[in-house]
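You will see chain A twice below: alongside chain B first, and alongside chain C after that.
What follows is the complex of A and B.
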C-alpha cells in the first residue's frame, strides 16, 4: 500500500536527483518514507536518496518496492505546476501508480523491480577533507569548467578550496578561501579529477541546495551530500575519479 | 555451434552502456567466425584485399571493436590453443560441412543464385593467416589478447571466475558449462542490423545470462547443466537423437547427476561422456596472462590496413581518430567498484 500527497515541485526536485543518473530505479517504501539507491550504467556515479514521510502532506505506506521508469515519471511530473499538489496512489491490483495533479489523472505502469539493476552497496569512505558551501557556487564552477575542458579537478590547498579545469588551450580556476565557505576541514592538501559529464548531471540537482557538503580525497571518489524536500530528505552522490594523464 | 540454452532460459537484454568499464574476455574464434560469416558483399563473397586475401575479420576488428571501446568496454581477446583430443570428430565433421557448402557456394555464385550468400556463410573457415592477421591488428590497436592452452572459451571463463574479467563475450553459452558466472552475447553486433537475406532491420542488444540464475531457474546444479548439454550435443559430441533441451532437462531432473541412469532410460550412450564432462569441469587453463590496454599505433594500423590490405585511408583515418580518443578515455575514468 502506498498513498501520499506532496507539493509537486518539491517532489519533482527530489526525483530529479535520481533521474539525472539513471533511467529506471527501485524505490523502497516504508511507513517512514521512501528511499532509493542507484548506480549509473557505467558504474561511475551513484546516488542514495532518502525522503522522510514528513516531507509529505500525508503519507501512508506499507513495506514494499516499486520499480519506476524515471523518464516517463519525470515527464508526468513536468506537467504539474509549481504550487500544485500531487496525489500518489499505488493500485496494488494493476501494479500501476496513479498520479493526480491539477485536474490531470495519470496511470503509470510500474516496472518489475527484479528487472532493474541491483542496488549498489554504499561504500564507506574515510575522506580527509570536508568542504561545506552553497550549491549555486559549485554549479557556477562546473559551468565555467565546461567551457574549457571535459574534466575538472576539485581540491584543497592551504585551507583554500579550489576548482580547476584545463583544456588543450585554456584553463579556468576558481578559489574559495575558508572565510567564504560555510566550513572547511582538511588534514592536508587533496586533489581529485572528475568527469564533467557526470558533474554536470549532478549539479542540476545539487545546484539548488542551500548547503552542500563535499567529502574529498586524493584520486578518490568524491561524496556530495545535501538536503532536499525542505530538510526532510537527503541525497548523497558518489562519483569515481578520473586518473590524471600520465 | 555450442549449446543453445535460449529455449530454456530467457537472457536479459541490456544496453551496451551497462558494460562500460567492464572487462570482457571475448572468445576470439567465435567472434572471428561471426565477422567472417556476416561481413560480406551482396553476392556472399567475403571482403578481400587487392591480392585476394580475406579481410572481413580485419574490418570487424577495427570498426566493431572501436565501437565497443568507445562505449567504455574493455575487451580482451582469448584465442583457442590446442583442442582436446575428443574434439577431432567435431572438427572433421565441420570441415566436411564447410567443404560441401563451399562447393554449393561456387555453383550458386556461378549461376547468380540468391542462395549464394547462405552457402558462403556456411563455408566460413578460419586459417592460420586469419588468426595471425587478427592478432597483429589487435596488437597495433592496444587491445590485449591471450592464447589459451586449450579452448578459448574455457580460458575466458576461468578469467571471469578469477575476477580478471567481468564477462565472457561469446555467441553461444558454453562458457556457462565451463563455470563462467556471466556470459554476454551480441556485443560485436549491437545496434541496428539488417537481417541476412531479408530487408528487415532489427535492433540487436547485448544479452546477459548469469550462471546462478540459469541454475536456479532450471532448478539444477552445474553438473546437471553439463549433462543436459551433453545430451543435446556440445562442441565435443553430436548429442542424442531426438533429445532436445526440454527433454534433456526432464531427464537430468529425473536422474540428478546420474548419467548412467539416463543412458539406461534412453537406451543410448554418449561416446567419451566422462572425458567431456571432466573437460567442462576442469579444462586446461593458465594463470600466465597479462591484461594490459596499450596505446593504439595509428601509423602501424594504417600501414597494415591500407598498405597491405587495401582499406580506404579516409575511412581508416576516421576510425583511428575515434579509437585513439576512446582508448585514452578508457584508461582514465575509474569506476566505483574499486571502492565497494
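What follows is the complex of A and C.
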C-alpha cells in the first residue's frame, strides 16, 4: 500500500536527482519514507536517494518495492505546476501508480522490480578530505570546466579547494579558499580526476542545494551529499574517478 | 521471482572459469590475457557458435579476477552515441574502489549490430578499444562479421563445439542438483542432438521440470531445428532430384529470398550450361520480378512465389546432368555495386547533362542518347564541341571516352572545351557591347565598360529578358550587376538603346556561369 500527498515541485526535484543517472529505478517503500539506490549503465556513478515521510503532507505506505520508468515519470511530473499538490496512489491490483495533480489523473504502469538492474552495494569509503560549500559554486565550476575539457580535477591543496580542467589547448582553474567555504577538513593534499559528462548530470540537481558536502581522496571516488525536500531527504552521489592516462 | 522458474542456463552458469565446460585452451588463453592485462592488447574477441560458453566464460572471468563488469548486448541499443556514453565512460573511469579498480566491459553479440538502429556502433566500439584503460571482451558468433580493424585491435580466442560426452556429463550434474532421476540414455540423446550446451540444458529443463524424472520417451519427441547451410541448399537446388526437398531446405536456411536469389544468380552459370542456363535464368528472373513487387508494394506474400521460382523453377530448368564438383561462392553483386559506385555516379551526371540539353529524362538519355554521344566522341573535334556544349567535367569526358581521367586525351579535350566556352562567352560579350553606346565594333578594353552599363540597364527589366541559363547563378550575377550599375552611372543609358538590349538573346550576366569570365567581371568592379 502506498498513498501520499506532496508538493509537486519538491517531489520533482527529488526524483530528478535519480533520473539524471538512470532511466528506470526501483524505489523501496517503508512506513518512514521512500528510498532508491541506482547505478548508471556504465557503473561509473551511483546515487543513494532517501526521502523521509516528513517531506510529504501525508504519507502512508507498507513495505514494498515499485519499479518506475523515470523518463515517463518525469514527463508526467513536468505537467504539474509549481504549487500544485501531487497525489500518489498505488493500485496494488493493477500494479499501476495513480498520479493526480491540478485536475489531471495519470495512471503510470509500473515496471517489474526484478527486471531492473540489481541495486548496487554502496561501498564504504574512508575519504581524507571533506569540503562543504554552496551547490551553485560547484555548478559554476562545472560549467566553466566544460568549456575547455571533458574531464575535471577536484582537489585540496594547502587548505584551498580547487577545481581544475585542462583541455588540449586551454585550461581553467577555480580556487576557493577555506574562508569562502562553509567548512573544509583535510588531512593533506588530495586530487582526483572525474568525467564532466557525469558531473554535468550531477550538478543539475546538486546545484539547487544550499549546502553540498564533498568527500574527496586521491584517485578515489568522490562523494557528494546534499539535502532535498527541505532537509527531509538526502541524496548521495558517488562518482568513480577517471583514469589519468598518459 | 520464484527460483523454480529460473532458467537453468542462468542458474547453472559457471561462477568460475574452472567450471566452464570444455574449451580448455580458450579458457586458458582468456585467463592468461586477464592476468597480464596492461601489457598487450586491451580487448579480446571470443568467437564461436551459440551456446558453447563464450558469455559464461567472460562473466566467470570477471568473477575470478574480482572485477566488476558491465554488459551491453543485442537487447540494448548500441549506436555511436550510446556506445560512447556507456562503454566509453566505463572504459575511461576507475571503479568505486578507485582508479586501480578494474571493470570488465562485455560487448555481447558484437557481430549483431543492427545496421540502422546501431548506426556507427562498430566504429565507436573500435574507438573505445583504442583508448580504453579497462579490459574489454567482445563476443561474436561470426568473427568475420566484425571489421578487420576491430579484429586486429583485439586478441581473438576461438570457442569450439563441446563434445557430447561433456554435455551429457553436465546434464547429469544438473539432474543431481535438481534431484531429478535421469536415464543416462535420455541425457545422451539430448546431448547428441546438438553441440550447444545451452540448448541442451534448455531441452533438459523442458523435459524434466515439474516431473522429477527424465526418460528416453520424454526426450524422444521433437528434434531441434538444425539450420541448413547455404552450400547444401545450393546443391539441392541445382542438383537435387526433388524440388520440394530443396524448397523445404530453404525454410531452414537463415536467409530471406532476396539474399538467396543473389546466391542463385551467382552460382547458376557455374552449374548450368546452354539451354539449361537460359531456362534457369528465365525462372530466376521471374523470381526477381516477384521480389521487385514485394519491394514496391510491401506485399510479402509474394515472397512465396519468388521462392517457388528461384528454387523449384531453377531446379526444373535442368535437363542435362553433369558430375563433378562445383565450388559455390557468395554473391558478388553488392561488391560489384560498391566497386562501380563512382563510375555509376559519373554516368548519371553525364546522363543528367545530356537529358537537359536534349529535353529528355535521365533514363532516356542513358539508353538512347548516350551510346550515340559515345560514338561521336570518337572524333576529337566533335568531342570538344560536345564537351563545351554540355559543359562536361574531366571525369565525365573520361567516362564517355572509356579512358582514364588522368589520361592525356581527356585532359586535352577538357582544356579545349573550356577554351571554347570562354571564347563563346567573350563573343557574346562583344556582341552585346556592340549595342552599347558606341555602336561599332568595340576597341580594346571597351567591352567591359559597356558591360557595366548594360548591367545597370539589365537591372531595370530583369524578368522579361532573363534566359533560362541565367538560373545557374542568378543571385550573384544580379548583385554584381546592381553594384556596377549604381556605381558607374546612376542614370540609365539613353532610351534608344533599350530596345536593342531587349532583343539580345544572352545578356552578359550569363558569364557568371564559368569562372574565367567571372574574373573579368570582378575586375570591372575594382575600377570604381
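To be clear about the criterion, the second predicted complex is superposed on the first by the 246 of 246 C-alpha atoms of A that agree within 3 Å, B and C clash if a C-alpha of one lies under 4 Å from a C-alpha of the other, contacts with A are read in each partner's own complex, and residues count from 1 in each chain.
As a convention for this text, a residue touches a chain if its C-beta (ideal position, glycine included) is under 8 Å from a C-beta of that chain, and two chains touch if they have at least 3 such contacts.
Note that the structure is a prediction, hence the values are computed from the model and not measured.
**Student:** Kindly say whether there is room for both chain B and chain C on chain A in the superposition, answering fit or clash.
**Tutor:** Clash: chain B and chain C overlap once superposed on chain A.
**Student:** May I ask you to decide whether A:9 touches chain B, chain C, both, or neither, giving the answer as first, second, both or neither?
**Tutor:** In the superposed model, A:9 contacts neither chain B nor chain C.
**Student:** After the superposition on A, what does A:123 contact: first (chain B), second (chain C), both or neither?
**Tutor:** Once the two structures are laid over each other on A, A:123 reaches both partners.
**Student:** Going by the contact rule set out at the top, does A:166 touch chain B (first), chain C (second), both, or neither?
**Tutor:** Once the two structures are laid over each other on A, A:166 reaches no partner at all.
**Student:** Which partner does A:114 reach: the first (chain B), the second (chain C), both, or neither?
**Tutor:** Only chain C is touched by A:114; chain B is not.
**Student:** Which residues would you name on chain A as touching chain B in one complex and chain C in the other?
**Tutor:** Residues 41-44, 46, 123, 125, 195, 220-221, 238, 240-243, 245 of chain A touch both chain B and chain C.
**Student:** Using the touch definition up top, name the residues of chain A that touch chain C in the complex.
**Tutor:** On the chain A side, the touching residues are 41-44, 46, 114, 123, 125, 192, 195, 197-198, 217, 219-221, 238, 240-245.
**Student:** Tell me, which parts of chain B touch chain A in their complex?
**Tutor:** So the residues of chain B touching chain A come out as 12, 15, 17-18, 20-21, 72, 328, 331-340.
**Student:** Give the list of chain C residues in touch with chain A in this complex.
**Tutor:** Answer in residue numbers: 1, 68, 70, 72, 85-87, 89-90, 92-101, 103, 131, 133-134.
**Student:** Given the complex with chain B, which residues does chain A contribute to the contact?
**Tutor:** Interface residues on chain A, with respect to chain B: 39, 41-46, 115, 117, 120-121, 123, 125, 195, 220-221, 238, 240-243, 245.
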